[in-house]
Amino acid sequence: MDQFRLFPPEASTSAQQIDWIYFALVALTVLICVIVFVPIIFFSIKYRRGSKADRSNPRVESVFIESGWTIVPLLIFIGLFSWGAVVYFHVENPPRDALQVQVIGKQWMWRLQHAEGKQEINELHVPVDRPVELTMTSQDVIHSFFVPAFRLHQDVVPGKYTHEWFRATRPGEYHIFCSQYCGTQHSAMIGRVVVMEPLDYERWLNTGRPMESIALAGERLFRERGCSGCHSVNSKFHAPLLEGTWGKPVPLESGEMVTVDERYVRDSILLPGKEISKGYQNIMPSFAGTLSEEEIMQLIAYIKSIGNQTSPSESAPNASR
Amino acid sequence: MKTAIEIDIQTEGEMPREHYLNVKTGVKAWLLTMDHKRIGILYLWTILVFFLIASVAAAMMRIELLTPQGDFVTNETYNKLFTIHGVLMVWFFLIPSIPTVLGNFAIPMMIGARDVAFPKLNLLSWYIFVAGGALTLWAIIHGGVDTGWTFYTPYSTTYANSHVITMAAGVFVAGFSSIITGMNFMATIHKMRAAGLTWFRLPLFIWSMYATSVILVLATPVLAITLAVMCVERIWGVGIFDPKLGGDPILFQHMFWFYSHPAVYIMILPGMGVVSELITCFSRKQIFGYGFVAAASMAIAVLGFLVWGHHMFVSSQSVYAGMVFSILSFLVAIPSAIKVFNWTATLHKGSIHFATPMLYALGFIGLFTIGGMTGLFLATLAVDVHVHDSYFVIAHFHYIMVGGMVMAFMGGLHYWWPKITGRLYPEMAGKLAALTTFLGFNLTFFPQFILGYLGMPRRYHAYPPEFQMFNVLSTAGASILGIGYLLPLIYFLWSLKFGRVAGPNPWRATGLEWQTPSPPPKHNFEDKTPIVTEKPYSYSAKEDADLNLASI
Amino acid sequence: MNTTTTIEAGLVHQQFDDIGQQREAAKLGMWIFLATEVLFFGGLFLSYTVYRFVYGHAFVEASRKLDVVIGGTNTAVLLISSLLMAFAVRASKLDQRRMLTGLLLGTAFLGCVFMLLKGVEYHKDYVDHLVPRMGFKWEGADPGNAELFYWIYFAMTGLHAIHVTVGIGILLVLALLAWRNTFSNGNHNTIEIAGLYWHFVDIVWCFLFPLLYLVGHR
């Protein structure tokens, strides 16, 4: 027991916003308790059996009073809902310039990798005052990445990517918990976030042997696994080129439009026949079971990294990469 | 009143009167009974067994959590303990508690009927319940299940290495008992009311049981099919919930909570009904805003079906879905608030008797208010992002389930005990137990709100040492709470033989069930069923200002 | 109590005041039970809807392999059986013992025809390698999603088949009781309630047929 606390440390920007709503709710709870408990105690004493209180003409109904205690809570609730929803919207939408960290949950550990390539297990080093976005998935069951000091909480679901972000405000060490029950050693799936001064962070990032960044690893995979054999201008096979597609809508064979994002790229690797780009054949084999979650994330990072390049088909041939 | 006293004298006379308990005795007569009152008692014993097992599991968890290290039981055992506690408490104690015990016993009498509409089905529902319970106990004895009561996929379908299917089958089977009970109550309340007993003359307990039945009938089958698909998936690897096969594990959560959130209202609406009976009787007053309280029950039943997504704000469901579920969750709090305000207003100008049932009812209002208000924290999106799956959630739903439902169940059991057995429980012991329960409960669960906000996740076998102090407080409270539950067990059994003879109406209450002797005759009313000519709760606090209830 | 109840007195269970109350309660009970059943099937309909939406293309492709002729015939068989059931209810009200027995047997017979055709179809699915986990083979794209379709197909039709089987059992027992003249003198409530159940089973099929068979049919 280090010290007596009623609240966890406030170590991120959203922690403050969430705590304000929490305090408002605590105040409302106290108020309602006073409104309910004081009359109960007062009536219990005044109208106890045998007391001489006036009991003539008791009221048993009043539409006016009933409407009052229906409408007033309703208005308060709408206010609370809106406040909570605005902050939630903020918490759920990462800023564009955030540092990227990829998180993979598995029974019973967290594997984290910074965009620069540095890997960590059950630990996350981040600089203070920079937004950090976590892109998370699970290798087995549902986990949940929970940092109480940041008021941050998001389930980590197998088969899809979830995101959360924070901007740490105070250097220090904080708990990471897995809060979605995930099996025998659920309570041992814990770790720590280390928030560092920016210079310390840079130093930390550059210690150890040099790593290849996630996107570079993805590019290497793209070649090694033969993706580039088809998805390139010189290919014999007719496959869509991936440069410049990230974040843009593409038409599908079925006539629908779909935005190229993590989900679409992931599904295209694992379930190639699900959403076929317009004008192409369903000839790609599925890579389900042959690529690990890390490798899929690396490929996505690579495709994201070439998202700003112009598509080679539009410019001169052989101009790409 | 005169007739009541006459029957009083009759019961204490030489000739033992024939009533439902002594009309036919022996194990066979009880096991083949179709009398709703006896079936209620069968259920009482059955859920008591499950309550005790689940309580032992809870006690072991609390002992484990005394120290931060996991040193009392292994992590595997701990995970099985909270699964046992959750499954048994939810499906084998809380959901059947008030409906099958007090509902079965009291509903037909309260509406002036001789029995429920389908007595054979009623008995069948008990057998189905026992069969489901037996399957579940089998799973526990043969090694247990470690999925938690929520059976989340893909853990339950692919990774859990325990008797998931047997336990899910137990819950599946027991679900049909719920459905039959719900059907039976709905048909009974619709078609079997006494002459003159119009819908708006019904006691509020009947309204709340009707609302409960609607949920039982409409929500339980969804749980059944969800668990069935889960089992099929576990056996054959279907892929409906398995991301590796193209399925979606979140779909399971949607289907599970589509049942399990309404199920929360199965676990609280009956309690609200009981409290409406208790508050009026022991403040000798007509309920304030009868129509609003009745309508609030139905509103809860309907809105309760539309809020399941608030269990999934951080599950990766869409932000906009989260917003819709959030506002709907705020709306469902309003009918509950209306009830609390109306109960409080009922006390005004009453003549308040602090008998044991009333203490439980007042305790219910206090704890339910705190439980309900903390529910708003969880409905508020941003705050839920922090407290989701933490001890805050545990504390919140125990304030509703234990602080609400169990307090109401105990209150109702004390209230109808003289009707069930013909004898009164000892009043001083009753008051002592009510206060012990109230204090023990608060000491157990209030610290958990703080723990939760501090960030202690639920289902943790070991935890960082800074959480220890509140866990110690909680365990201390749990031992007091345990005493509060053991006391009634002892004095209720004692009262069966030594309790004072109650007479037909010890509380001078107005309900139809009090117009027949205690214990009631086999067909509830001695000759003709009563005719109702006025609204319920026609008490007069002014006339009863100096009334001394039999037991006080 | 009026005079008609003297004939019916033996039929009224002790908890009811008169036969009318008993009938209404029983009928209401059946309706509530059917509401439960709708929600029970509802879970599977929801799963179908979700994956029909997510894997629309694969579902359409998978649906084409189902035998529309057998499915269609079965729809007709069940619709006719429902008609016979409706006549049976009428016959019971008119106290026509032989007619009632015959119609109940006819309904049960059509139920059996349905089950037989279903069995033939399941066998054909097996031969065509359409049964998941039992030699499932899929030539087209996304065998996994097609397999999911067949899981849902077998779950839904299988659950429906269980209901039909239970229904046939009930009809046969009722036919026997009808032959022994149990349903005379206005005691036709049981027939009516069994009829409600049979119509429900029929209606569920009327939803299953287009969702499963016609989705991919052009």
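Order of writing sets the chain letters: A, B and C. Residues in each chain are counted from 1.
As a convention for this text, a residue touches a chain if its C-beta (ideal position, glycine included) is under 8 Å from a C-beta of that chain, and two chains touch if they have at least 3 such contacts.
No experiment lies behind these values; they were computed from the predicted model shown.
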Make each chain a node and each touching pair an edge, then name the shape: line, ring, star, complete, other.
-> complete
Would you mind checking which pair of chains has the most C-beta pairs in contact?
-> A-B
If you average the Cα atoms of subunit B and of subunit C to get two centres, how far apart are those centres in Å?
-> 36
Calculate how many whole Å lie between the centre of subunit A and the centre of subunit C, each centre taken as the average of the chain's C-alpha atoms.
-> 46
Indicate the residues of subunit C shared as contacts by at least two other chains.
-> 55, 144-145
What parts of subunit B, by residue number, touch at least two of the other chains?
-> 246, 248
Note the residues in subunit A that touch 2 or more other chains, in rising order.
-> 271
Which bits of subunit C are touching subunit B when the two form their complex?
-> 13-16, 21, 24-26, 28-29, 32-33, 35-37, 39-44, 46-47, 50-51, 54-55, 132-133, 144-145, 147-148, 151-152, 155
In their complex, what parts of subunit A are in touch with subunit B?
-> 1-8, 14, 17-18, 21-22, 25, 28-29, 32-33, 36-37, 39-40, 43-44, 47-51, 53-62, 65-66, 69-70, 73-74, 77-78, 80-81, 83-85, 87-89, 91-93, 107, 140-142, 144, 146, 148-149, 151-155, 157-160, 162, 175, 177-188, 190, 271, 288
Counting only contacts in the complex, subunit B reaches subunit C at residues 108, 113-119, 179, 182-184, 186-188, 190-192, 217-222, 224-226, 229, 232, 236-240, 245-248, 251, 254-255, 523
Subunit C - residues contacting subunit A, complex = 55-58, 141-142, 144-145
Once bound in the complex, which stretches of subunit A touch subunit C?
-> 254, 271, 273-274, 282
